[in-house]
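Note that the chains are named A, B and C in the order they appear, and that numbering of residues resets to 1 at the start of each chain.
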């Protein structure tokens, strides 16, 4: 038995070394994502599944639907040709950066604002959607704008979203609670865990559409241009993404998708977002 | 990892504080509730036994996350305001109380029946016999498993991260999101958990060995 | 009441059951692998090979003393670093297996330790080799005694799969969250469903273990 174990431990160590040697050479994050995607005919996208209008799980079919999902599919066809497949992986604001940095996904299209801090660690495409941060409150709430967020109020935000940093700047007295995704955050608002929920207007309008007892108030107090995020150094994929985005804007696909998802959302101005 | 640790020391420390606070509160509360249910489980009345057993069996078979989330989501909608830390700690207490009930019951039952009978025949009441004769003997058997329950509590309190409970895991997630340095952040968080749980775990093993041979 | 009827629509129920299926799938595969690995680690720890056992023991202790939540995060985000892009189901299985193997190793080590030393000596003096004695005499006796703690660890594993919602494993708890996330009136019905479904699976496991335990001992 002891002999057996000695042999086994040698084997295990050898196996581990091989794994490390095989792996260490090329962590996924460092490989050229575009070349790999072309070889596999598949681009792996991180998309939201908790955000109405952008990316929401359809319980009936078990698939994710929304503007960003349609964009991901259209962009994939542009980049990889008609055979190209878009593989969708669920992300949240909380998990999207580690998944990009780690290499779990090639690109993220998930209501992600282009910010200088994020640009230090990620590549961004040109903006595909111009949102602005706003507030969602119960219909009978006293809070009408960010000015009403005084000491003693609680605002719900989502981990990993820059809206949390923004609200701290414009309403420093309010207490911020961060939940892991938008579904949890909206449930927390409905459970009276906070007085308002803050994030970008597009997402908030989706929540208001789902449950009209909650309304978007105060207009937008920031500018949030959404970009497609890729890992730092993926220049080829970033260039291909920008080219594909331009083509979709020129051939009318982009406008069609915007109209499909945001055309009949009350209170939402589709001219502002493009 | 050290850079992350030092530059976010305040946040990590406050997270650790909430983790420990939740664990200690839940340990004490679940010790009381758990002992009560253990006594119910060995009660002389059939229906009290049934209720005790049902509680323990039910809670033991449901994930902690589900219990904590239920308190966080349902209670404020219908009953009263309850923040994430409170909801999480109540969830931890209820979950752990079922395991403590089992531990305490096993401890009490391992004390030979003759002890109770002897005490009773010497004129002690059931309660007196329990507190003066049976409990002191059971406690030696119960302490190491209770220590292990505390380690579990520290680890399990990470579910507070799901309900914005300000614990170590929650702070870790916020730091990871702010610094974009996931790997080092969770390494630092892991080290802080180990600082609490590893010494506890070795201490319990030592006690178990010592009292077992004694 | 109306909420309950609406919440348990065919669409929602089938979505919940799909989640339950993932829970069971991840649990069964993780139980299988962690039982195998846990047994090997448990023996490795018991036989006391110089250095090797001590190192194995230390690693086991490290893993046992970390929250599973942390291991799930780590595994999911760290695996691509060694060139492996696992989707969320296999990644969860890897994390659960690592954690549960360490937990099981402890149970198995103490189970083997509880078999009287005389058993091994008797087997050896009857001409069996160390590994023969271990496999044919010691382990079967140890496993017989270990059934209750083993199964309660398996139950923990089933419950712990709910933590993988943090990396968006599409299991039972996450599916319930998605359903009540889209309609707040379904909150209570969904939690009731979660409690019932987890209870059924885990209670079945514990009843099964009691029957086997009773037969063997």
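As a working rule, contacts are C-beta pairs under 8 Å (C-beta built on N, C-alpha and C of every residue); 3 or more make two chains touch, one makes a residue touch a chain.
All of these numbers come straight from a predicted model, not from anything done at the bench.
**Q** Would you identify the chain whose Cα-based centre sits farthest away from the centre of subunit B?
**A** A
**Q** Which chain is most central here if centres come from C-alpha coordinates alone?
**A** Nearest to the common C-alpha centre lies chain C.
**Q** Per the centroid of Cα atoms for each chain, what is the distance between subunit B and subunit C, given in Å?
**A** 20
**Q** Could you tell me the distance, in whole angstrom, between the mean C-alpha positions of subunit A and subunit B?
**A** Those two chain centres are 37 Å apart.
**Q** Could you tell me the distance, in whole angstrom, between the mean C-alpha positions of subunit A and subunit C?
**A** 32
**Q** If I count partner chains per residue in subunit B, which residues reach a count of at least 2?
**A** Touching at least two other chains: 73-74, 77, 161-162, 182.
**Q** Of all residues in subunit C, which are in touch with two or more distinct other chains?
**A** Only 73, 77-78, 166, 177, 180, 184, 187 qualify.
**Q** Where in subunit A do residues touch at least two different other chains?
**A** 98, 101-102, 180, 184, 187, 190 - these are the residues of subunit A that touch more than one other chain.
**Q** Under the stated contact criterion, what part of subunit C meets subunit A in this complex?
**A** 11-12, 15, 18, 40, 43-44, 47, 49, 52, 73, 76-85, 87-88, 129-131, 134, 166-168, 170, 177-184, 187
**Q** Contact residues on subunit A for subunit B in the complex?
**A** Of all residues in subunit A, those touching subunit B are 93-94, 97-98, 101-102, 117-118, 120-121, 159-160, 177-180, 184, 187-188, 190-193.
**Q** So in the complex, which bits of subunit B are touching subunit A?
**A** The contact residues of subunit B facing subunit A are 72-74, 76-77, 81, 83-84, 161-164, 170, 173-174, 176-177, 180, 182.
**Q** Which residues of subunit C touch subunit B in their complex?
**A** Against subunit B, the touching part of subunit C is residues 61-62, 64-70, 73-74, 77-78, 155, 159-160, 162-163, 165-166, 173, 177, 180, 184, 187-188, 191, 194-195, 198-199, 202-203, 206.
**Q** Please name which positions on subunit A make contact with subunit C in the complex.
**A** Residues 1-2, 4-6, 8-9, 19-20, 22-29, 44, 49-50, 56-57, 59-60, 62, 89-92, 95, 98-99, 101-104, 180, 183-184, 186-187, 190, 210-211 of subunit A touch subunit C in their complex.
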